[in-house]
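What follows is subunit A paired twice: with subunit B in the first complex and subunit C in the second.
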Partner chain A sequence: MILPRLALRNLLGAGLKTWLNVVVLSFSFVVIIWSQGLYKGMGDQARVAQTDAEFGGGQYWQEKYDPFDPLTLQDAHAAIPESLQTKIEKGEAAPILISQATIYPEGRLQTILMKGIDPAQSVVNLPTRFLDQENEDLPVLIGTRMAKNTGLKIGDTVTVRWRDVQGTFDARDAKIVQIMKTNVPTVDQAQIWVPLDKLQALTRMENEASLVILAQDTREFPQTSGWIHKDMDFLLKDINTLVKTKQVGGSIIYIILLALAMLAIFNTQVLSIFRRRKEMGTLMSLGMTRGKIIQLFTMEGAMHSVLAAVVAAIYGIPLLLSFAKKGWAMPQAMDDYGIALGEVLFPVYGTGLVIGTTVLILLVTTIVSFLPTRKIAKLKPTDALRGKMT
Partner chain B sequence: MDNSYLIKTDELVKIFPMGKSKITALNHVNLQFKKAEFSGLVGPSGSGKTTLLNIVGSLDSPTEGSATVMGRKIEDLSHKQGAELRNRHIGFIFQTFNLLPVYTVFENVEFPLLLLGLSAQERKKKVMKALEWVQLADRVKSKPAQLSGGESQRVAIARAVVKEPKIILADEPTANLDAENSHNILRTLEKINRELETTFIFATHDEKVIRYLRRKITLIDGKVARDEVFENPVGKGEGQ
Partner chain C sequence: MKKVTAFLIISFLFVLSVLLTTSTWAQTPLTGEEILRRVDANIGSDNKIATAEMIIHGRRGSRAIKSKSWVSGEEKSYTEYLAPAREEGTKMLKLEDQLWTYIPSTDRTIKIAGHMLRQSVMGSDLSYEDMMEDPELLNLYEANIIGEEIYLDRPCWILELTAKVEDISYHSRKIWVDKERYVSLKEERFARSGKLLKIFEVKEVRQFQNRWVPTRMVFKDALKNGMGTEYKIETIEFNADIPEALFTKASLR
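And now, the complex of A and B:
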């Protein structure tokens, strides 16, 4: 325990130089935790929103269904298998039928997806109850993004054209009964929601669906012929990849900041070893081994990060907590970011993040502090006492 | 080895390479030092005084021959063993004091005891005793920068004495001090030598120091030119 005490004593004895390094390093602590917390918050928010509004507790896809292939979409439907039908009747699953369609808002043509959903479902968090309108021939629910792009408002009528199972074109006027506000662009952009039974009737696909969304607490996933179970790992893969990519991009800022702090510490260490040769000689004459002197100087450098952690905690904890509470308002342009961000982003700082960052900085600082001290291993005590470097 | 000697050198040779040529700092030196000797290596600059002190202090190793300190051959010691020998049995006093600048007087004197792993209570007791020896018990909290040259050297003496080593090696300990401080320092060292029976070896060409020595070894060109013993050194009682 003698070395840490001596190292701390030497470090604090160096005064302003130490504190300058410590302050720069503490910025790295706060920025790393803040930015990583922000990305974690972004990922968590996106996952929750997407799970809530679109993925549920997993999905069954009709075997031809591929959301990224519009050419196969017309054939991606089949009768709902009995095992899934049982879950639907219990309210544990919601079938979705998807058909390509065209709408003509204000005389313009727009290709969209027409999605049929049970108005009474409670599996995903969409305001589908507004579709339960007996008086309307074809009630339609759209999102705010879709409304903005098409100029449609509640109460507007728009012509919808589609093809039925035989490939025959048909068209009808539909009425916008509700515009929903959602963080999830994939249940909003370029699509309209209609009652499932109406879409099944219009396309002559009675009791058929393209996919079935399971409730979030589903634990059993029956084997069904012609339908493929897609688990949450699969469904959230794109979000996870996107968040990871953003995280890597964001890391560049803190890598630069950390590099600057490390450069300052490296410089301090090199100067220390150059200027304090006589001190090293004295330590050797007092009976300290070269190994112990290397440890002492390395520890001195590494302790910058310990002090930085303390300083970062003093101003960083209130700052980061207030940020986590108030969140960060996302600009409107971020709505096209590709994932469900929401209007305010709340950073999430986990214990793992804080401990991980502390360990990372401590490790990097120790390595950077150790590198210049290797010169001490070659130092002759007599040369050191004369202030000479061997 | 004859056990009555603390230090013994046999045909000790030290050669330093200097570019393409070589300098012989010590040339077949044969010396023995007993317990409680108050001796000095004197001679002009470059005569090999500091080199001999460094080898005896295990800070350097001989090129040829042998140096035996406390029964251990310096040339056979590893770095770690050398450090242990210095830590336990040898104290150093330097011309430029070599105090650790960020430590207080107390911490500087305490340092060798920390390396020995003594308890805080033991350390405090020994440090205060050593500081009383050098009459600096009232300056425990001062930093080296706040001390005069004489006070700094007294702290360095306290640091060398605190672990009560068998041997103290002093390289030009009065070179940076005025006459009054030099005499004070020498009287303190003599008192320590008398009361603790510590063997002192000085490397010096300061006449003030030479007058205190009970044994004077004159080195010229790395060889022992004279080895004289004085029953009653003339320096005793000077400067009082």
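And now, the complex of A and C:
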């Protein structure tokens, strides 16, 4: 128990030099926790929003459906299988039919996806009830991004052109019945939502769909021929990969910060061992082994991280908590990244993150503090007492 | 003398019968189907070689693209772009519903699936399908005469064409056919709902090898603002001798 007390006393005795190291290291603490929390918040937010509005509890894709290849959409439709039809009737699934189309807002041509959805569905969080309009020939629901790109407003009429199942052109004037605000660009950008039965009739694809979204609490996933079940791991893969990439990218900043702090600690240790030779010689003369002296100096270095954790907690906890409460307003450009972030990003600081960061810094600091002390192992007490380094 | 009289009577009766038959035929009103057959016969040919210029009028100005096409029946066509320099050497080969494009700058041949044929050609109002289609309308549509009109100082029949096959781009068309030349001078293409989608207007007709050919025309997407795409045929040769080897992928490079 003598070693920790002695180490702490020595460390505090060093005064300003110690506190400079501690403050720099505390920055690393706060920045690591803040940035990792930010990415975790981003991932969580995107996952929740996308699950809510698009993925549900998993999806069944018609075997030819490939969302990344619009040219396959023409063939990506089939009759809904019986097992899924039962779920749809119970309100546990929502079929979506997707067709490539062109709209002409103000005489400009824009290629879009026309998605058919049951207005009465409650599987995904989209305001599809607005599509339930008997007196409209083709009611359309669009998102705010689509409305902005096309200049369309509620009540506007726009011509939509598409091809039916045989490849024959058809066109109608559609009415914008609602503009929805959603965090999920993939249910908004370059697409319009129309009632499923109308789209099925217009494309002559009765009772057909391109994909079926399951309710979030679905536990049973029946095998269906011609339809492929896509679980949440698959559907969220892009978001998870994106967050991981961002985390790796962001880690460069705190690796630099940590490296700076470690460099300072390493330098302090080297200097300290050089200047305290006589002290080491005295300790050896009093019976302290080389191992104990190495432990003492390593502990002194490692204690920088303990003090840094305390300092980081003093100013970091209120700062990070206020940040978690108020969030971070996202710039408009982030909206075009295709990830459901929302306008404000709320960081999430998990216990694992805080403990993990503390352990990581403690470990790195200990290693960096230990490295210069290896010289002590070769130190002769007589040389040390005379202020010599062998 | 009797023989001479008998010969004269027989000759007179023959001439009379011929005249009567001819005039009856001439006066029989043509059906839409017959007009369409003559339109197809005027423009249709087994093989064609044409040099054309396409002028695309966009919002940022106009650009002209010159090309030479070799067409064999309805299934095969080969086009080489001659100008501007940026497009020069680009070649397209269409075999049935597949299209291959060779781009010299990348020295790559890209196969384009059937659906890509529906995309716009270099930002024009024409799709690859529109540009490369040369179908005999009679095989695809039922024709009815719905009126007559003077168009470009030419007397025309107005025919309404309704698709008789399922897999066709335009469910109905309205065409203005020159009564003497059997050439379509104007065409409107409609969606299944009856909405007008595309307009094709002929501005000039010239005679090549006893056929009347529209040599300057404008295609316009009726739903889109703009001046459309102008298409000029500079030379055309019907029933030309085209080597079969041209319609192979090897000829693209």
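The rule is simple: the second predicted complex is superposed on the first by the 390 of 390 C-alpha atoms of A that agree within 3 Å, B and C clash if a C-alpha of one lies under 4 Å from a C-alpha of the other, contacts with A are read in each partner's own complex, and residues count from 1 in each chain.
FYI, a residue touches a chain if its C-beta (ideal position, glycine included) is under 8 Å from a C-beta of that chain, and two chains touch if they have at least 3 such contacts.
As the structure is a prediction and not an experimental result, all values here were calculated from the model.
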Check your understanding: So, on subunit A, is it clash or fit between subunit B and subunit C?
Key -> fit
Review point. Does the superposition put A:Arg161 against subunit B (first), subunit C (second), both, or neither?
Key: second
Point to revise | First, second, both or neither for A:Gly352, with subunit B first and subunit C second | key: neither
Check your understanding: Is subunit A touched at more residues by subunit B or by subunit C?
Key -> B
Review point. Angle at subunit A between subunit B and subunit C: what is it in degrees to the nearest 10, using CA centres?
Key: 150
Exercise for review: Using the superposition on chain A described above, determine whether A:Pro381 touches subunit B (first), subunit C (second), both, or neither.
Suggested key: first
**Study point:** Partner chain in contact with A:Met284 - subunit B first, subunit C second, else both or neither
**Key:** first
**Study point:** Which superposed partner A:Ile2 touches (first subunit B, second subunit C, both, neither)
**Key:** first
Revision key, fill the gap. The superposition places the nearest Cα atoms of subunit B and subunit C at a distance, in Å, of 73
Revision key, fill the gap. Interface residues of subunit A shared by subunit B and subunit C, listed none
**Study point:** Contact footprint of subunit C on subunit A as seen in their complex
**Key:** 71, 74, 104, 106-109, 159, 161, 163-164, 166-172
Check your understanding: Taking the complex as given, what residues does subunit C use to touch subunit A?
Key -> 113, 115-116, 118, 163, 166-171, 189, 191-193, 195, 197, 221, 223-226
**Study point:** subunit A partner contacts - residues on subunit B that touch it in the complex
**Key:** 54, 57, 59-60, 79-80, 83-88, 92, 94, 96, 98, 100-103, 107, 111-112, 114-115, 117, 159
Exercise for review: Under the touch definition given earlier, write down the residues of subunit A that touch subunit B in their complex.
Suggested key: 2, 6, 9-10, 12-14, 278-279, 281-282, 284-291, 380-382, 385
